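Remarks on the structure that follows.
All chains are identified by letter, namely A, B, C, D and E, in their written order; residue positions are counted from 1 within each chain.
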Amino acid sequence: MFAYTIRRILMLIPVLIGMTIITFSIVHLIPGNPAQVILGENATEEQVEALEESMGLNEPYIVQYGLYVKDLLQGDLGTSLKTKSEISSEIWPYIAATFELTFFAMLFAVFIGVNAGIISAWRQNSWFDFLAMLFALVGVSMPIFWLALMEQWLFAQELGWFPAYGRQDSKDPIAAITHFYVLDSFIHLDFPRVITSLKHLVLPSIALGTIPMAIIARMTRSSMLEVMKSDYIRTVRAKGAGQFLVVYKHALRNALIPVITVIGLQTGVLLGGAILTETIFSWPGIGRYVFDAISFRDYPVIQSGILIIAFIFVIINLIVDLLYSAIDPRIKY
Amino acid sequence: MNVENKKQFSNKKLTNPSPNSPKPNSEEVKAISPWRDAMRQLRKNHFALAGFVIIVFFILLGLVAPLLTPFAFDEQDIINRLQPPSAEHWLGTDHLGRDIFTRIAYGARISLQVGFFAVTGALVVGSILGIVAGYFGRWIDMLISRIFDILLAFPSILLAIAVVAILGASLENALIAIAIINIPIFGRLVRSKVISLREEEYIMAAKAQGMKNGRIILHHILPNSTAPIIVQATLGFGTAILEAAALGFLGLGAQPPDPEWGKMLADARDFIQLAPWTLIVPGVAIMLVVLGFNLIGDGLRDALDPKMKN
Amino acid sequence: MPNPILEVNGLKKYFDLKGGVFGRKVGEVKAVDDVSFTVMEGEILGIVGESGCGKSTTGKSILRLIEPTAGEVKFEDKDITNLNTEEMRKLRRDMQIIFQDPYASLNPRHTVEKIIGEPLLVHGVKSKEERKKRIKELLEVVGLSPYHASRYPHQFSGGQRQRIGIARALANNPKLIICDEPVSALDVSVQSQILNLMQDLRDRFNLTYVFIAHDLSVVKHISDRVGVMYLGRMVEMANKDELYDNPKHPYTQALLSAVPVPDPDAEKDRIILEGDVPSPSNPPSGCAFHTRCPRAMDICKEVRPKFEEQENNHFVACHLYE
Amino acid sequence: ACSGDGSANPDDGEDQDQTEDDNTDDTTDEGEDDASDEEQILVFARGGDSESLDNPSTTDGESSRVTKQIFESLLNFDKESFELTPGLAHDWESNDEGTVYTFYLEEGVTFHDGTPFNAEAVKINFERWADPEHKYAFTEEGYTYPIYGTLFGGYKGDEGHVIEEVNVIDEHTVEFVLNRPLGYFLQNMGMQYFAITSPAALEEYGPTINENPVGTGPFKFVSWSKDDSIVLEKFEDYRIEGLPKLDQVIFQVIPDNAARLIALRSGDIDIMDGLNPDDAAGVESDENLDLYTRAANNFGYLGMNVSKAPLDNKLVRQAINHAVNREAIAEALYAGYAIPATNPLPPGYLGYNDELEGYEYDPDRAKELLAEAGYEGGLEIDLWTMPVARPYMPDPETVAEIIQNDLAQVGITANIVREEWAPYLEKTANGEQELFMLGWSGTNGDPDYFLGSLLHGDSIGGGNRSFYSNDQVNELLDQAKVSIDQEERAELYKEAQRLILEDSPMVTLVHSTPVLAARNTVKNYVPHPSTSESLAEVELSN
Amino acid sequence: MSDVLLELNNLHTHFFTDDGEIPAVDGVSFHVRKGEVVGIVGESGCGKSVTSLSIMQLIPSPPGKIVDGEINFKGENIAKASKKQMRKIRGNEIAMIFQEPMTSLNPLYSIGNQIGEAILLHEKVNKKEARQKSINLLKLVGIPRAEAVVDEYPHQLSGGMRQRVMIAMAMACDPELLIADEPTTALDVTIQAQILDLMRNLNKEKETAILLITHDLGVVAEICERVVVMYAGKVVEEGTAKEILKDPKHPYTQGLIRSLPKIHEKEQKLYSIPGTVPKPGKGKIGCRFAPRCEYAFDRCFQEDPKLLSIGNERYTRCFLYEENVGSENDHAKSNS
């Protein structure tokens, strides 16, 4: 297992190299001059040129790539052109914000999705099944940003149940430690704040989690149905086991393998796809960070941001693979 | 008695045993192709039927749009901006006083076209790459698969945004971006299908007949990979429309005055309190069309997947 | 004395076991390990053995549907192991194969007409008329009706499908047909139809079969000579009557005794072998059978017995006979 | 001398003054006694985050808005205009030629880090901006000081650089020696961009000064969580007794307009910037909310690249000017919170020419002009739309759509082209565009900042994206720039505006008056036209 | 007949599918005595598995359903038993093993866990005891290294071993009846011999009755005492193994036996039954075998033959034997 993990990590190397090449090329294929944006509409030609010079933007690409990789290897993600801060020092809060949101979105998605899927499969063709699957279909068909806006309109504005934006109450900012606010609140033993943080998470988590929830529910259901037809389930029944044992002990674990793939995949998608939700709910996450950087042509931030998201995605896949082996003894390495 | 009889009929016909006695079989001479069978299954699926109805509705809406409304989709009437639904403006007007119903109807054209072209593009390129990777294997497979891996490791919407950033914001470029991010999805699907088919005995049989690779791919592998590809394409239609809407929403897709639904949502965003219908209508339109494709896709999957039959 | 149509010398096929991260080779499955035999023109050579012993691999390697790792395959005195793709493709007119699984070996999206017509087309029968005629002929030969031509495989029963597979193999008048368990998947009542048909066709078209099966009675029924394989190796080969009446290799003896006979009166003195067939990825040293052999000797563990002729055409690989 | 009169509250109800007074007492009394409960915390919500808290190194308005609270410049602007008032310098004088300026600094002022503010600090700051080699210039780390370069004619060693030297006369006197007069030198000194940072902090933080601002302003920096909030707290030793009144100011980022308004309604925030003009009516009718407007200090325009056919034809340009319905745009999109523009200069600026009559909305006249120019059959043209909202153009796309529609009425087919902000600026500077939309916001309140940058021939490749260059106009602007007689300057500018209007290198669209909303508990808040105002005097009532 | 353990009486199990109602089991009756080994033979699709699954009430439902008939187990009709009652019987009194040893075990749980589960479900023992018992059972079915195997997973075992594990699991609660649905079909001959040997021993030692389903007449000859021959959802013949194999009555049984290639005999041509096994379908009249039958006459196509008793526990379903039995038959629809 340990050796396998190490080997899997080694295998990431070519993928990572490919990713650096792609991010680097994307960034440099994007037209537009960061120097120009930094200086704004008021800048003179000389100013733009001088700035380009000082940012090293007129070196040949290959040299720039070399420098980029060299810095990366030293853990240096570069300096944001816009804020002039070290990216490695300013990026963590963004990542934490997105992680926290993704975590709760997936929690919501997995909890509801898996259970709805199980019940649907168990009571195949019942009204619950019908409604759950219709709901799931609608869920995957909805533009998330629209759902987010509608939620905001209904639950924040009209009903006022949940806050409409941000991670915390503006008037009472937290002294962040890990930048996972729920966790931080626990660390501070500030339980009202735990509630507040959770309340802020509700709407964006639902918005973000709806699509994965629907996908997971559908996947769980079909996977369960398939497993329920298998020979070994028949064996369990022949032993005289009741439905509960059959479903939750024998079927679920087998059905979970494809579901885990989906969960892993969706987690990755959420991490990068949260841009829209983050914008609408004013969530200072990595998606927005990168998106803003793209329009600002903040090359180092785009590069590092995309790379980090992709890297996390790859790591999640790794975790999924390792999870397989935990669930399935057949996968041995 | 037995012995005698046995002798009798054991002599009878050994060289050319008739496989079927004509009676029970003569009725069903008609050839039922796997496709027709699937279509039959599909017709019985109410969900799929509903999806079909939705899509046909929007196609018709797009086609006959000019006949349905007296307005042009870009006809402004600033005095009458943000009107709620009324007899004149069935779904109200937007912030420039344009008729929302008209825009939704014309927008159907855009969305359906985006879905179609993006999926077709991704499908063609993805299939070619997938087939090449899957059938020839070795280093080509390694290379193509790694590229797919890498592309898939990037969150699709970010990748699309980056592509649009490179190409410039326009509907065509959004379409290209969506096609690009879908290529690895189709590519992988086709590749895995080809790899599993490659192991099928009938492919081995085709080889044993002395067929060339090209023919095996075209006549044996491709037709048998179509089922999952069609399903994926149908579902991809939906996602492509959603992605186009997301790009439109971010201002990276269709440009004014094109009534692209995601763009309409973006425009309406500031009026959520003043004129909620401007936001609700395009959202519902997107949802319905995507739902339609998903319903059909699901139905097709069930119909084409023999495992789902019962 | 008929000529040998097929000679197999030292045929080996090792499958790489890929594993680890970069798909590196982590071992190999010795699916076929040094097998040699000869098939005469017009003869039926039966090959039996338990599942996984390498029968199919042997068959496919002969046709180079799987590239053999080592060894020589001569067809009509021509070494075909080094032919290029195009030459090999042409040669496939003469060498055909029928598969075990009548469901998997027919393209589900093609009509019978297309399935049978395709080999004709690729081997140069361009005219549609001619092909139609030939398809009709073939269908009749295998006992199907011409109206079946427009149907799809799923509309046929297993036996009928197997007939389609046979028709396809016959399309270009081959000389040699490798039959890879053509009746194993069929019902007993249909199995006999197919066996009869195959025998018939052999006589009619002067075909040569390599007939692979795991059912000893079937092999006995149809073959002229029989080879017994165990774990990728040929352990015994002889004329069928010789082999069945006078098996020499302990494995063959056990195998024959283990076959259940539908005769309640048959005397039962079974040799029940201990244990399982070892894995071909890690075959035992020496004689591969020594782990289960009731008569194993010390030498069996170390030295691999040679496959040698004992008496008139009775080959066996066992230290007992050295 | 620096306290304002606090009359700018839009709700001039009578009880206003009373509550105000009461609360002032309350808070000052209780604020010290039981701190946390009655803490006065103001949340100011805005659409985007600051780029940097080292203001001189950005051009970003969202940065100034925050640094305005932390730093002070030598001079200050009046609450609602660009009139100069004392800042860190309580007095100032210049020689007659306008080449030597002397500033007398406040005494006893300390930075937030406790180090004293003095003439040396002023000198260090100015040299830091002027000299890329300066040890605090942080050029290596990508720092530049573009506004300094623009307003003082470049950097040390550049030909046009105006500031010859900065001399420390004594601890509290500093002297600026210019190599030629600059009409708006004093105006510059009032700008937030030229506020003074603690030299000790520059030493301590080096290039991370952008996240660790230390100034002399009413509030000191506490924390910044990027894209979320910036927290400032009261600077107890502020040089003006009794100020600031708030204990904490929090700048909260809420990108979505609608969400921001929701937050305001629910009381999570106190002031919101960037109110959608359409929502203004709703805010006004809400008794818990107050509506504020910021005086127009900007100018949105539809530029015409005069170097490209058919826009090199004056008749076509005039036709387009007649074709666009400014009133409708101002009315519909700014809900009336905008003034249709005649001149490329906001009204109220020095030298604003209010005698000129702009181009009327007259499609028929436009068609005539087009016909005259030889385009009876109409013409097709690209219309570049900026992708970002700016104060002068809160919804550029919609404006583009309206213009597109207007142009269609006179037979001009405009294709909307969208570029990302970076390439947009770059390409328009290169002259790749035909019609394009852009605007300009004032910073120092001087007309040269508008006219010189936008329409002087020397600014081509920079702010002049219409590629307009009229020798006469250039001449007038040059004269006005070096003159220190404000009367004379005004006349020169008026004449320039007349010529420009005639040449019509741009369709002057609107001067928008951005609207803001606040809870009615917010008192003494006065939006400044420069978009950054000090919150020192603002307080909250319950 | 007090020693009758299981008796099926006119069992009908139908599948309700998109293609209509399929009478997979169409009026099957037979019985199994205590300690007896009864075989059901027939070709693929004739309803053997459905019959056995019906006894266990494990028919996938929908689409399957027992529509008629009785299943008497120890004198009680369990066709109508509640789910709870059935759970008590399953694995405890009637155990079952299946054809596919490769897929019949849950791949994710250890062998010990799965055997132990069968014990825990029916006996009041703790986990430790269950484990010990599992080990004993593994030893009983002749698995070497039982202590180690108990903690291994199915994929680590060969097909033969897995089938032994299945048998061990089935024997966990000493059932009175073991239903084995083609337990050796997927195995090699040498392994099949081992498994058959094992089953024979279990039958002798534990006196467990076995209902063995197979299509291999060789296997029948090997261990069955009595045999039921099925064709297209119906029993066509019943008798002792010897009677069936030596003196088959029904033309189908005769054909089946004659079409087998014999290993110890020499012959030139095989006999073959023409045509193919029909798919069960509703509304077909006449003898199901008639279209393939050499003896068939008009009546065979028009009327369903009844199962005739032609001796002591000897039955056949064929008009050819009607006169032998005489008046016992219903001639209501006699053809003229």
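To be clear about the criterion, a contact is a pair of C-beta atoms (placed from the backbone, for glycine too) under 8 Å apart; a residue touches a chain by one contact, two chains touch by 3 or more.
Source: prediction; values computed, not measured.
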| Pair of chains with maximal C-beta contact number | A-D
| Chain at maximum distance from chain B, centres defined as averaged CA atoms | D
| task | Report the inter-chain centroid distance for chain C and chain E in whole angstrom, where each centroid is the mean of the CA atoms. | result | 32
| remark: Distance in whole angstrom between the CA centres of chain C and chain D is 88
| request: Indicate the whole-number Å distance between the mean C-alpha point of chain A and the mean C-alpha point of chain C. | output: 54
| Just how far, in Å, is the C-alpha centre of chain B from the one of chain A? | 26
| remark: Each of the following residues of chain B touches two or more other chains, namely 14, 17-20, 165, 168, 269, 272-273
| Residues of chain E touching at least two other chains | 269, 271-272, 274, 276, 292
| request: Pull out every residue in chain D that's touching 2 or more other chains. | output: 256, 258, 387, 419-420, 423
| field | In the complex with chain C, residue positions of chain E that touch it | value | 43-44, 144, 158, 160-161, 188-194, 196-197, 215-222, 241-242, 245-246, 255-257, 259-264, 266-267, 269-274, 276-277, 292
| For the chain B and chain C complex, residues of the former touching the latter | 14-20, 28-29, 31-34, 200-202, 204-212, 215, 219-220, 223-224
| In the complex of these two chains, what residues of chain A are touching chain B? | 14-15, 18-19, 22, 26, 29-31, 137-138, 140-146, 149-150, 152-153, 157, 226, 268-269, 271-273, 275-276, 287, 290-291, 294-295, 302, 306, 309-310, 313-314, 317
| request: Under the touch definition given earlier, write down the residues of chain D that touch chain B in their complex. | output: 256-258, 261, 276, 278-279, 282, 328, 331-332, 385, 387, 395, 397-398, 400-402, 404-405, 416-420, 423
| note | Seen from chain A, its contact residues with chain D in the complex are 31-34, 36-48, 50-51, 54-55, 79, 81-85, 90, 93-94, 97, 149, 152-153, 156-157, 160, 163-167, 169-171, 173, 175-176, 279-282, 284, 288-289, 292, 294-297
